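Both of the next two complexes hold chain A, though its partner changes from chain B to chain C.
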Partner chain A sequence: MLRASVWISLAYLLTPSLSLENYKEDLRVQPLRDGRVSTAFSFVTVLDGVVPRNPTALEQPDESQHYALFPLTLGQILREYAITELHLTLNAGKWNYDDWGHPLEASVRTGAELWAWMGASEVTTVDERWSGLRNALSGLFCASLGSLDSRRTTSPVVAFPLSGSTPPFAQHELRHASLPSENVCTENLTPFLKLLPCKSRAGLAALLNPQKVFDADWHGMGVHVIWKEGTGVELKLTLQAVFNPARSSAGKRRDWSLQSLFDRSIERSCPVASSSSVSVVLPEEVNYQITPQIAHVEGSAIYDLSSSSNSTIPSNIAMHWPSEHSFQYPMPPLQPLTPLSVKRTLHGTTQTRGVLSVSITNNSPQEISAGYLEIIPALLTLWMHTLEVETNSEIRSDLLSDLKYQPPSRQPNGHLSPSMVQAVLTIPPKSTLKISVEVNKAFLKYTEHPPDAMRGWELPGAVFFPLPQSANNISSSYDWEMIYTPTLLVDLPTPDFSMPYNVIILSCTLMTLIFGSFFNLLTRKWVVVEIKE
Partner chain B sequence: MDEGTVLPVLVCFRLLLAVLPLPGQHILKHDHQINSPLTSYLRLKEGLWMLDNNVDPYMGGSFHHSPLLLSVFSTILPPIPIIWAVSDAVGAWALLRIWRARQGLSLHRATTSTAESLIVSAYILNPYLLFPSLALSTSTFENSFTLLTLMFASEGKPSSALLAIAFTINLSPYSILLLLPILMLLVTSPASQLASPRPFHGSINRIASLFGEFMLYWLVLVGAACIIADGSWSWMKASWGASLTLPDLTPNPGLWWYFFTEMFDHFRPFFLMVFSVHLVIYILPVCIKFQHDPLYAAFLLIGVLGTFKAYLTLADPGLFLSMISLFPEVHGYLRHPIVTTLLHLHAALLLPLQHILWVSEGRGNANFYYAASLVMGMAGGAGLVDACWAGMRIALGDVKVESEGKGQVARWEVARWEVAQE
Partner chain C sequence: MLLIPIPLLSQGTYIDENALQPAQVNTYWNWGDVHTADLHMYQLDGIVDRNLTSEQRAEFFRMEFSKLGLAASTQNYTFTTSKGTISGNNAYAVMSSPRAAGTEAMVISASWLSTAGHGALNVRGISTVLSLAAFLKDYSLWAKDIIFVISDDYLHGMHAWLNAYHGTIPSNLHTDPLEHISGVIWTALNIDYSGHSFSHLGVFHEGLNGRLPNQDLINSFRFISHYTGGLPMTVYDHLEPADLVDRWSEWSVLPSWTPAFIRRSPQLQQYEYRARNVVRHIGYQARGMCSGVHGLFHQFRIDAITIFAVPAKGPHGFHALGKIVESTLRTMNNLLERLHASFFFYILTSPGTFLKIGMFLPSAILVSVAMLFKGLGEWVDAGWVREVSEVSLKGTGSLEKEPKTKDTWRNRRRPMLSVLITMVATHVLGVLVFNLLCSRRFDENRSFFVPAILAAVSMIPPALLPLLPKNTPEVAPSSVLLKSSNLCLASTVISIMSLLNFSLAAMLALTMGVPLATSSRSSSMTTSLLRYAAYCILAWGWLVLLPEEVESAIWNWEVLGVWFAPFVCIVYAPLVMQAGIVCLQGSS
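Coming up: the complex of A and B.
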């Protein structure tokens, strides 16, 4: 272990300074009001002065890649497919915005979500590179990203804009896909940890114990690569988990410590990290105790763990509520922590049709304009003519504007792409807006159903996103971030999977029976014969 | 009731149904027995919505209607229920005129016989036709256009008939099956020749020139559709292509949907070809065998469509069943009318029941409905064979000869399985 870190330090010192690399890590712990504890790790590697590959020059050999801290496996994928910006998240569970507030990392969509901005090129089309990227990443992260094919891919540029700068070399295009049924587990965490310079041996990543992380009420990881002009390529690996100490502790107490949450401790800091810190967001109430004691900065306690700092690594950080015998859940009604609360449901009792309804509540005393994005796989057909917007039991079509609908279109491989609905909603203060649209459920071929067909299909969540500031002037006190709704389960009608031969035989028999009788009549000559008795 | 008032009374009844707010109409609009993806009112509305919102309706996978319907309902008239009632009335009126032309009666007679009341009732009150019409399925228009075509052809109005068949084919491409008998009908007479078969006596050259005229109308309509669909050909793939490639596997009473749901992917194109060619195979044999009575040939081909076409709805066999009333001369010679009737009753009860058990109640599975659709196929096939049998059997007439000598009545029967050797 020690030898490894020495080698890493040596490698770091001896790297030819083609590009300066900088690695920072950070953990934010926040006790939540429902007794849970949210933890958010972020590991940021910056490649100074590096520019994403120009896709128009994909035929020419690429410059050689020398990385000391940046993961080579990911770097190769980014260069091979000339990716300017990449976001991959793998999450499990439903983020409870009302009680937990906005997450530190906004991408909390259930399942897998992948979106990439790529420069257009005539050498290799964006779609070819998108397909290559999916397969490469699915190999790298052991996730079924390969199934994010044309049945899942769209290009919602308004909701998912470039977060960094736009390189000047080409027109950029977005490809976005999500797979809500992806299960996130240990096999995804192991390759994730391999991308870190200190792996899980030192620094904050030493806390990442899969047994604990995947036992959390909500957990997810993310890979974000963006390019900022003047800075370079920034790789941000994030891991968030929401623990429930009241569930796991014997006395139903919400006391937590890093040791109790992760069952591990930080033995030493990562030697190559330029900064490494743990910050604890302190609750508003005062009856808690935090150890080790430290001066508070803006409502949070920050512990510096970097090797360069003089302070010793605190073996454990813990928070107690000494006066509390057991944790009492706050009594409802609770004011939601986010200005918008969203509920999305699929009604209907039959397997052939239903009503998709979304209700958005504005909890703030100000009108909010929100972008609304719905990406529906062709499993459901939306009847857009039945779209209704209602608030306080009256139809208010004026509250939905800039409606853009892209129906499913047939791709060259015969699959239907998802349909996409994008609109701007204006939600009056302290009121609820209800959107409903009728849907039809598809009848699929028997080969298109998954092996567990009776379980149903997961429908990706809708996205609500704040509009760019130029479009509206909402004061910063009601600032909010992107909101993902939970996934829905669609109960599709299934054919019988056991009898393709029987159906072929029975249908063909009936057809030949009718054909035979009919042509038998047509080809016979009619004569009158005497029947002898 | 006076027989002359049957048509007006029934038409009033139908109009009343259109304007009254009937319960359950929403369920009818979603029903798979009476709406197919090609005829569903919901999809028509969706197409109109997309047109209003500057989305190409034919880009998505959900709209399959003809651009002609789209343009009519987006510019001239909104799709209101009264149009379907009027279309039903036109269909009944056309059926009546076909009857009069076949019987050689005056077209504008003041008096009406019982048979005529029966024909009108058989069309307007036929549940297989009434329910699709109440559900605002566009199959009502296809049926009315088919009957108008036959009416014009029977009355010897070539241009009108050819224009009507061009419209019908534009709405539903399978109606191409009816083109040959209609051309034959235009050069001969609609009068019943079933009892006295004779070789075709019309002029072949005239048929060729009529076919040319049809092609002209048809191309004009295709051109108009292309202009309506913003100069693109994509509507052809979305609307006509859907009948050939079956992109939507929504259940219906026909034989295609479950077969292609369960089909192995690599055999799909082959069987799609087989099922499509199977329909075309019937045209020539039927037209040759019934060359003496092309109206009857058209009737049989409508029966073939009502059994075997893709995206079948009850309106297709419904048209065939209503048209049986045009041919009273064959009723006595039907081979097994009771069996056919019972099969139809059986299918009409089983289809909605099994459909509900499968998709709503969740107590049955797809095989339940498939079994019901096989019964429907049997019923359609039995009706077709029955009609074909009767149409040929009538030529032999009733043969009952009293034999001499022994004073006994020797029974003479028609031999069924005597093979023609020539």
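Coming up: the complex of A and C.
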């Protein structure tokens, strides 16, 4: 094993790379108050001194790409379409903000979400490159990102700002799309692991056992590419999963270990990783035991797994509560862990109209200003004049400001783009704000219905995000991050596509035709009209 | 209609939706879970003994759910009706299933009172729901959220909960929005287990206003009950003749003096068994009543049934019920889309056989069509008058046996205005009566109002009749025109109803078919008055004869929104009254 790593290190040093590459990996494990365990892997590769491709120079041949650690397949896509910043997340389940707090990686939207910042160019337009990017990524990750077409694409620049630096060469544009119905499974994990320098053979990624990860209560993966001036291009691959040891253990205990969570152990570290660590966020209570014992740093225990460190790799990290017979769930009322709790529902049982209502509760003793973004496919028509903002059963329109509404527009390919609502909400302390707006449901052409027509259409979740300027005013204890609401299902007026119905329609038509002609024959009199000359 | 229960007409049930895959799974429910259910039952017995209030009960259920780590809450509600207010407390919990987006949900519910009636408490049903909650959350195979609801009382608790869940709170309901909400509910199971043990599981399926759940749900349940649970399903709590070999004579309606070979004839027993099912079905459906708590779900496009543990001395208990419910939930969990195949119109004649719409619909439609032809015939007759050479005989359709002389047919005018006024007036009268029935004053002075209404509705038409223009030989008699339009209207009503609610249409065909077609004027005043009185009794007699029915229909309308009561007052009774007026008009 030692020899192998020496060879790999040698190969690494001899690689004719122009840029310096750096790879770090880390895993954060956090026991949650409802007995679940949140785990977040992050694998970061930094390409030092590399600048994103200038889209105005797309016609000229690109500089050659030689990567040792950075995945070439992804690098090619980024260069080909001149992407400055890229974020792709594939998640399954709904994140329970109240009990789990903010996730370590903020993008937890159910299903697939993709957004990219690209420089404008005359050579190939942003939309052309966006379409190419979607198709390339859907091939790379085996996900239906290709269907993130103009029916789902918008440009919400306030909610999804450029998180790195802006390159000087062009005006940048945002393209954002989400697909709530995307199911995330093994076929997405395998290509994800292929992007890692050690695959799943060594290092932290060795823990990623699909059988266990996809049995978790929540799981999601993300690809984030950003450019930071002075550092270079940073690729961050993340994988989060929320496990429920109380569900899978026989005694309904919340004890966990890496072995029990993943059914695998780390046998060797990834030799090319400059740092590799597991940090366990320690709970506030004291009746737990963690093995192996280690000094605590700021409320968490950090285990260094990198090959350069002198310490031996701990084969298993475990936490248990010896005094607990079985896990006792905390009893209500429980204070939510995030300052904002959001509920969003679509009321009304008819297939033609309904009411979209959002209620936002401020759990903190401070007033919170939040950005509110709603991207609604053209299946629903929002009646903006019926928009009502209410708190403590009185109408308070002053709490909603900076309302921007972009109605659906017809795209060149005939599709309707989604409508977009952006607003700033001011939520008084310890109170609930209710927003309601009436909607009409579209009557689709029968060819536009999906094969599972009676399932309904998914409505992507709304987004609540902290406003840049307000972040400075508010003290850090009530700091919060982006909040996604769960997906909704909309019942559109759907014809009965089943066979008996069609038979009834057809036979009724036939009967009508026969009856009509017989009736005509019986009631009309055929006479010869003599024309007098 | 008498043919409906004949076994030959029914066909075997089958599963239409391929995704359901009933009884294809191994169940995990075992004796440990039965023990949990037993423990819950002892706790609930304690609650019953201590006579806790509805609020304390709901709080107890919420705590039980919270101990399992589910998002649980209670809902307080108050209905305002003409008879005062009804209030109660529901408890519910939402189990967010792993990895699911929470867009779809299934409901398992139990009400505090049982379908069995006589104040029977659904203690074991609730224990089953509580122990299922503890059991189901330990599996990661759920693709839909599961909502556990323990509703107060019998019907109104669940009605309040469903309305709050869907945000369709009627004006007479006061409740706060629900604290926890999941996705769209597609299917629901209501568990009703009030006895000590059971031998059969009965299925109740009729919903409000004659809605039925998709038959796939019942059929899958039958499969699962048979193959997974190993116990037979029945329709309602009617046991099949084969299950009642010795005791069939206790159930049979045939009197004991009938010869034994008739009583023991399997064909006749089958017929009687099926007829009982059909009659019970029509009894629920025609009145728009639901046969259990499940019936409240249908108006929200949720397919739901009640699983009723038919009380018996044995042999089954929590073990069989838990297994069957688990397996049924797995089947419901398999659904990729809403149950949608055209499986909403049927009559279950026995657990394994049903009648398709094409088999039973003609029985009502034929009556309706006959009425339409009769009405059209009257209309044509009204337009012609026969003139026999010199002696002009005005007659509507009276056949002249021996036409001695050459007669001619002459057109005559058919003035519809007075007829329309009469018809509209009767319906307006129906609206007035209905408003009166729903008012608080009616409820307080029932003994005064019932005769008063009866007297008013029977006296007003004869009193107002002289105001109408007199018949002249030049125009058709208004009684014939009234009869014709009355028949056409009634026929339209029946045929429309037959699609919405077959049983109600069948009842209308029975009560209106012959009486409306035979209404005619009579030469003698007494006969016409007697006839008119008979029509009045047919139209409004239920006010006196069926006071409990009136009360329950009005309660159903005010709390649950069943439109049977307004329909009878505003559509049915006026139609029969019009036939009565036909008799009166002839004599005057």
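Annotations for the structure displayed:
Everything below uses one rule, namely that the second predicted complex is superposed on the first by the 482 of 533 C-alpha atoms of A that agree within 3 Å, B and C clash if a C-alpha of one lies under 4 Å from a C-alpha of the other, contacts with A are read in each partner's own complex, and residues count from 1 in each chain.
Going forward, contacts are C-beta pairs under 8 Å (C-beta built on N, C-alpha and C of every residue); 3 or more make two chains touch, one makes a residue touch a chain.
Just so it is clear, the model here is predicted, and its values are computed rather than measured.
By the touch criterion defined above, A:496 reaches both chain B and chain C. Of the two partner chains placed by the overlay, only chain C lies in contact with A:486; chain B stays clear of it.
By the touch criterion defined above, A:453 reaches chain C but does not reach chain B. Looking at the shared chain after the overlay, A:367 reaches neither chain B nor chain C.
Within the superposed three-chain model, A:349 lies in touch with chain B and with chain C [touch as defined at top].
Contacts of A:513 after superposition on the shared chain: chain B is touched, whereas chain C is not.
In the overlay built on the shared chain, the residue A:406 is in contact with chain B alone; chain C does not reach it. In the superposition on chain A, the residues of chain A touched by chain B in one structure and by chain C in the other are 349, 496, 500, 504. Across the complex, chain C is touched by residues 34-35, 92-94, 96, 110-111, 180, 214-219, 244, 246-247, 252, 328-329, 331-332, 343, 345, 347-349, 355, 357, 359, 452-456, 458, 486-489, 491, 496-498, 500-501, 504 of chain A.
Residues 63, 66-69, 72, 96, 98-104, 137-140, 166-168, 177, 181, 183-184, 299-301, 336-338, 340-342 of chain C are the ones touching chain A in the complex. Contacts from chain B toward chain A in the complex involve residues 30, 32, 42, 45-46, 48-50, 53, 55, 59-62, 247-251, 255, 257-265, 278, 282, 285-286, 289, 307-308, 358-360, 362, 365-367, 370, 374, 377-378, 380-381, 384-385, 388-389, 392-393, 395-396, 399, 410-422. Listing the residues of chain A that touch chain B in their complex gives 349-353, 378, 381, 383-385, 403, 405-410, 416, 419, 440, 443-447, 493-496, 499-500, 503-504, 506-507, 510-511, 513-515, 517-519, 521-531, 533.
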